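First the structure, then my questions, so here it is.
Letters A, B, C and D name the chains as they come in the text, with residue numbers starting at 1 for each one.
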Amino acid sequence: MTNSFGKIFRMTTFGESHGPAIGVVIDGCPPGILLDIEEINQQLSFRSPGKSLYTSPRKEEDRVEILSGVFEGKTTGAPIAILIRNKDADSNQYSLLKDVYRPGHANFTYLQKYGIFDYRGGGRASARETAARVAAGCVAKKFLISLNIDCVAYIEEIGGIGLPEINRNNLQQIRKQTYSSPIFCPCENTSVRMMEKFQADDSLGGIVSCIAHVPPCLGEPVYGKLEALLAFAMLSIPASKGFEIGKGFEAARMFGSEHNDPFEIEEGKIGCRQNYAGGTLGGISTGEPLYFRVAFKPTSSIKKGQQTVTIAGENTILKLPETARHDPCVAIRAVPVVEAMTALVLADAYLMHLNVKCFA
Amino acid sequence: MTNSFGKIFRMTTFGESHGPAIGVVIDGCPPGILLDIEEINQQLSFRSPGKSLYTSPRKEEDRVEILSGVFEGKTTGAPIAILIRNKDADSNQYSLLKDVYRPGHANFTYLQKYGIFDYRGGGRASARETAARVAAGCVAKKFLISLNIDCVAYIEEIGGIGLPEINRNNLQQIRKQTYSSPIFCPCENTSVRMMEKFQADDSLGGIVSCIAHVPPCLGEPVYGKLEALLAFAMLSIPASKGFEIGKGFEAARMFGSEHNDPFEIEEGKIGCRQNYAGGTLGGISTGEPLYFRVAFKPTSSIKKGQQTVTIAGENTILKLPETARHDPCVAIRAVPVVEAMTALVLADAYLMHLNVKCFA
Amino acid sequence: MTNSFGKIFRMTTFGESHGPAIGVVIDGCPPGILLDIEEINQQLSFRSPGKSLYTSPRKEEDRVEILSGVFEGKTTGAPIAILIRNKDADSNQYSLLKDVYRPGHANFTYLQKYGIFDYRGGGRASARETAARVAAGCVAKKFLISLNIDCVAYIEEIGGIGLPEINRNNLQQIRKQTYSSPIFCPCENTSVRMMEKFQADDSLGGIVSCIAHVPPCLGEPVYGKLEALLAFAMLSIPASKGFEIGKGFEAARMFGSEHNDPFEIEEGKIGCRQNYAGGTLGGISTGEPLYFRVAFKPTSSIKKGQQTVTIAGENTILKLPETARHDPCVAIRAVPVVEAMTALVLADAYLMHLNVKCFA
Amino acid sequence: MTNSFGKIFRMTTFGESHGPAIGVVIDGCPPGILLDIEEINQQLSFRSPGKSLYTSPRKEEDRVEILSGVFEGKTTGAPIAILIRNKDADSNQYSLLKDVYRPGHANFTYLQKYGIFDYRGGGRASARETAARVAAGCVAKKFLISLNIDCVAYIEEIGGIGLPEINRNNLQQIRKQTYSSPIFCPCENTSVRMMEKFQADDSLGGIVSCIAHVPPCLGEPVYGKLEALLAFAMLSIPASKGFEIGKGFEAARMFGSEHNDPFEIEEGKIGCRQNYAGGTLGGISTGEPLYFRVAFKPTSSIKKGQQTVTIAGENTILKLPETARHDPCVAIRAVPVVEAMTALVLADAYLMHLNVKCFA
């Protein structure tokens, strides 16, 4: 039950990084949504390692197979099962990891919890699982497009280099700039400066931002608040360490008279354009752009030697070989995952809202 | 379904700030837990407005009534219903709020979503609902004590004044210091400096920290990660804007070689005492102290005049009268709520883990 | 989590037969539904013991208090909490039951499971809990009326005396006849013959039927089939032992050529008027009347002496005193409960269907 | 969300009868359970059409692929995904069904609900989906064996021919006899008499019984009653029309003094061996054998001509060709499905009970 996400638009993911396949079953997707398998393949290529110099060179060339729920190119209302076969599972290079606790990794906690030690690529804790999320996110996005809801994620900060202020009103432009950058940062200059920070034997943390254009009324009171659902979604992504919406932690240093967004009326429409709140009030969308940020720790696997302990309980130094896959900054690959999870939250929030929308 | 929280240890809250009562039903609490109604009353007094100069002077003197699930002082396994009657509902002072969108408040979004405008104290969006969480949290804590699990929340920062580094190993001491401070800050000097920042007509944001001592193995992979459950819990609290675990957003500016917690062996026990991770790896507790921070925006209701719009669509200035209740910093009252929500997450995580623990 | 029922229109009940109160929290009820507290009180009076010679003479005069979720007589979308105080809890008469396993009762299994022996009126296993279901069912019915959905339950058989064939098209008439009968049997003659079967010191089983008029398309495939949801609802009622829809067990003795309902077209509308299926195909409503039957065992508490065992493990004879409450046939009191549970299933099924209805 | 079953031990099925594959994802299976893929294949062969003269001759030779959750032959605690490719999807023979509502089938209701008409083998409403249940049921059974819990289903009645009284204490013997019979009836003589009832151009209904040996304490109060969970599970099986536990509908014709099972003490153990209740009291298992019966309607597809209507709204006669697949009695193929669903309910009930068992 912990491998499912969402209440009505609900995905269940399965598969380990070094098993035969990973995949996702999406239950609750409305019928009649057009699905294009090549769009899913393309989205997967964005998070796929091996894409650029700056992400881990595992050549997966993920291609999905849709097993159910789609008939003549359209969703039918039946569960949509999507399968992604694993390739290139070179377990050999994991042999040196067989007997050691890897700093920053989950093999320590998984072994304690399950009594099973999968020394290969991390099992369910592997970032590989996020490919299934991205595939499901594509389906969610196709549904959202039909509702005029859109979202885009991008790199906001790497190694202390931050992105200049961005105009949150033009998502198409942000998307174009983001996907032109090898590190998904929608500013060419900043991208270059960030990449200069990359280290051959060490890794960097980073911050991913996401903006969504949503209608008012999404989100539910109390334990269905939109920001709570997003926070849950984001902290479920491997390596994420923090979430903030609107002014976030900065709000904690402000006065109420500064932070409160004044309501204004413009051309008959009431809004709060300052939008320090980040697009919600009381957990429900205001109609202003929704925006939030997610902190990612540096990639745990690095080539620099690290103090650790073997399973047998001996002190040792873990040092990945020069040939090992290396992800200089895990936040980069997280960008399409943040976007996918956002789409999944919004699709579910939309369907949850029908309960009220159809009667209020 | 959005008024329930938790999977196995599950609470459902109900009630509005100005209705006859609020309350909570707790389902899934194991049998045999000793419950003392006076402990619940005491915990409620901590979040209750009117307690000190520094929180809103609504005299509620909340006292709970346990309606079910307890027999001869012990839980029976049946659902525990706890009722808290509302008193002192002086609706008069809300009359000036009847026709206006209140900046930072949920009345704008609730009216849009539900078509109903409860101009009185905020309905379900009111912080009043958190009293039910605190009552449920007390029950969770009694269960946790029997498992040797403990947690404590406190004020970390107000108005830019931060708490010095704290020793996370002695929760009893932190608790004692926290509840000696009128603003729940476990350092007398810092408390004084924070209080000097308070404004008569404006409000301040703040940061609440929480530390928990938990055994290894709590939390589930993927969509049951402990930090995701905590992030959801925290962002469901009114006025919260951000969550971070361990080094949080600071981790985004670190190198992997710095951030990765080295495993060490000490007296035969393997741990990662640096604990920048904040007590989990891969979403599962390591056995090191769990710690995280929650950002709260400044209280929305202030006495300073604010630009806003009436429901009729006219520009206006909203200015609360001098006699209005005033909360200089909503983070203070959030302290027992953060602690309660943490206890609820941990109780549920423990029960979720039985599924593995009894077989691994 | 086992004290909740429904997915979107979801009730959580609480309370024991001899505690201070029982109640229900309804989450997910759409806003804007008119609620009349006196209608709820009236429905409760139907299931209330003491109503007639033919049901157990416990004078409860249940009156509900609505604690939340209703503003100016209308639901607001917030959770609706309804409280029913317990009165007349004369525990004395239970003292002889203190040390003995009661045949047909749950005190044996509850003691084994929970290690707690509530010798008073049955705790959560008591039929008292069904008052909360009836109250919630009233709210569901008010919602259903606005959708032109209706349902009525009645006694079909007691002590081997069955009701003649009934016209399933006029629910108003069935309701009128049902509630004119002291035993909820919509045929005066049959009522009389059933009542002649009643025994002073023994009890009888019975069958409750229910008919509902629902639009097509309610129910979901696979694990959301309308008949599966109804079967679950009915078997959750104390003392129920069986459920059948349409021809039910009789269908198991028919040929396909007999049982299959032919499709016909009449005035441009396609239907299957034979309706041996009972109103669904593949778990989804056809638009024909939904009908099903629920078997109830005889009341477990009887005045005749019964062989049993004390908790100390001695053989004994249990014989209720002449003054004990006596329910000659528990199926009678189950009638409003079957109706309430049906209304709850249909309200939830309607809301579940929005997910498809709004897009197909 | 309607394609999932169970709370903790939870399966999600996917796939249509004429798509590329069907499958199931099992979440919440404890780690360390030995799984043998050939046992699953064998169980599938039991429900597989084409197995005998008496079931529909679709040659599927189902073979499963385990995609995840199993490492070195044991479950790991990760979700177990099982894939079954569809073969032999001869859509040609469905062409005559393209334009017509099929009596007893779900194509009428699916078309109304989803606006999509899958004229091929029934989509999600097809009995094909039950193969995924059987595969998941195998996993549940392996878990149950380790807990000393067992269950067996068999044909109780076909075409009015019933099975003589059976000894419910020896499940191994019942299983052996059941699986020796071409129609899963554990009595050779009765099997022969049942088969004589089969019709070349018509179909028969039937009743499936199931017996389970379970420890006391399984099942939860109120909305977690074991019989309610079983009733839901059984009515979710295609073509099922009724469920009864213990004496079931017969109980409705009994006196309390007959039906109540006396408690007895034998060799220090308290039980109620008459067991008319069918193994539960108040929804919780007593430790006596659990037994219940499920009614199945006759197979809807028959070769005899049937009155129906085309989608265009014309009256017509539907007559399947002589070469069409023909299932003389759908109850036969339902036997392994009933057994699988029972195993799934019991596995989940066991895990649900941990919440109490570990503390009471």
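Just so it is clear, a residue touches a chain if its C-beta (ideal position, glycine included) is under 8 Å from a C-beta of that chain, and two chains touch if they have at least 3 such contacts.
Everything numeric here is computed off the predicted structure, so don't read it as measured data.
Undergrad: With respect to inter-chain C-beta contacts, which pair, A-D or B-D, contains the greater number?
TA: More C-beta contacts join the chains of A-D.
Undergrad: Could the interface between the copies chain A and chain B be described as same, meaning over half of its residue numbers are common to both, or is it different?
TA: Since more than half of the residue numbers are used by both chains, the interface counts as same.
Undergrad: Farthest chain from chain D, going by the mean of C-alpha atoms per chain?
TA: Farthest chain from chain D, going by C-alpha centroids: B.
Undergrad: Could you tell me the distance, in whole angstrom, between the mean C-alpha positions of chain A and chain D?
TA: A distance of 39 Å separates the two centres.
Undergrad: What is the distance, in whole Å, between the centres of chain A and chain B, each centre taken as the mean of its C-alpha atoms?
TA: 26
Undergrad: Determine the centre-to-centre distance between chain B and chain D, using the mean Cα coordinates as centres, and give it in whole Å.
TA: 46
Undergrad: Would you pick out the residues of chain D that each touch at least 2 other chains?
TA: Where chain D meets two or more other chains at a single residue, that happens at 1-4, 7-8, 13, 28, 31-32, 77-78, 113-116, 124, 221, 356, 360.
Undergrad: In the complex of these two chains, what residues of chain A are touching chain B?
TA: Those residues of chain A that touch chain B are 1-5, 7, 13, 101, 103-106, 108-110, 112-116, 124-125, 129, 157, 159-160, 199, 202-207, 216-217, 220-225, 227-236, 238, 240-249, 251-265, 268, 270, 272, 277-278, 280-286, 295-302, 304, 306-309, 313-315, 331, 352-353, 356, 360.
Undergrad: In the complex of these two chains, what residues of chain D are touching chain A?
TA: 1-4, 7-8, 10, 12-16, 19-23, 25, 27-28, 31-32, 65, 67-69, 71, 74, 76-81, 83, 113-116, 118, 123-124
Undergrad: In their complex, what parts of chain A are in touch with chain C?
TA: 8, 28, 30-33, 77-78, 221, 351, 354-356, 358-360
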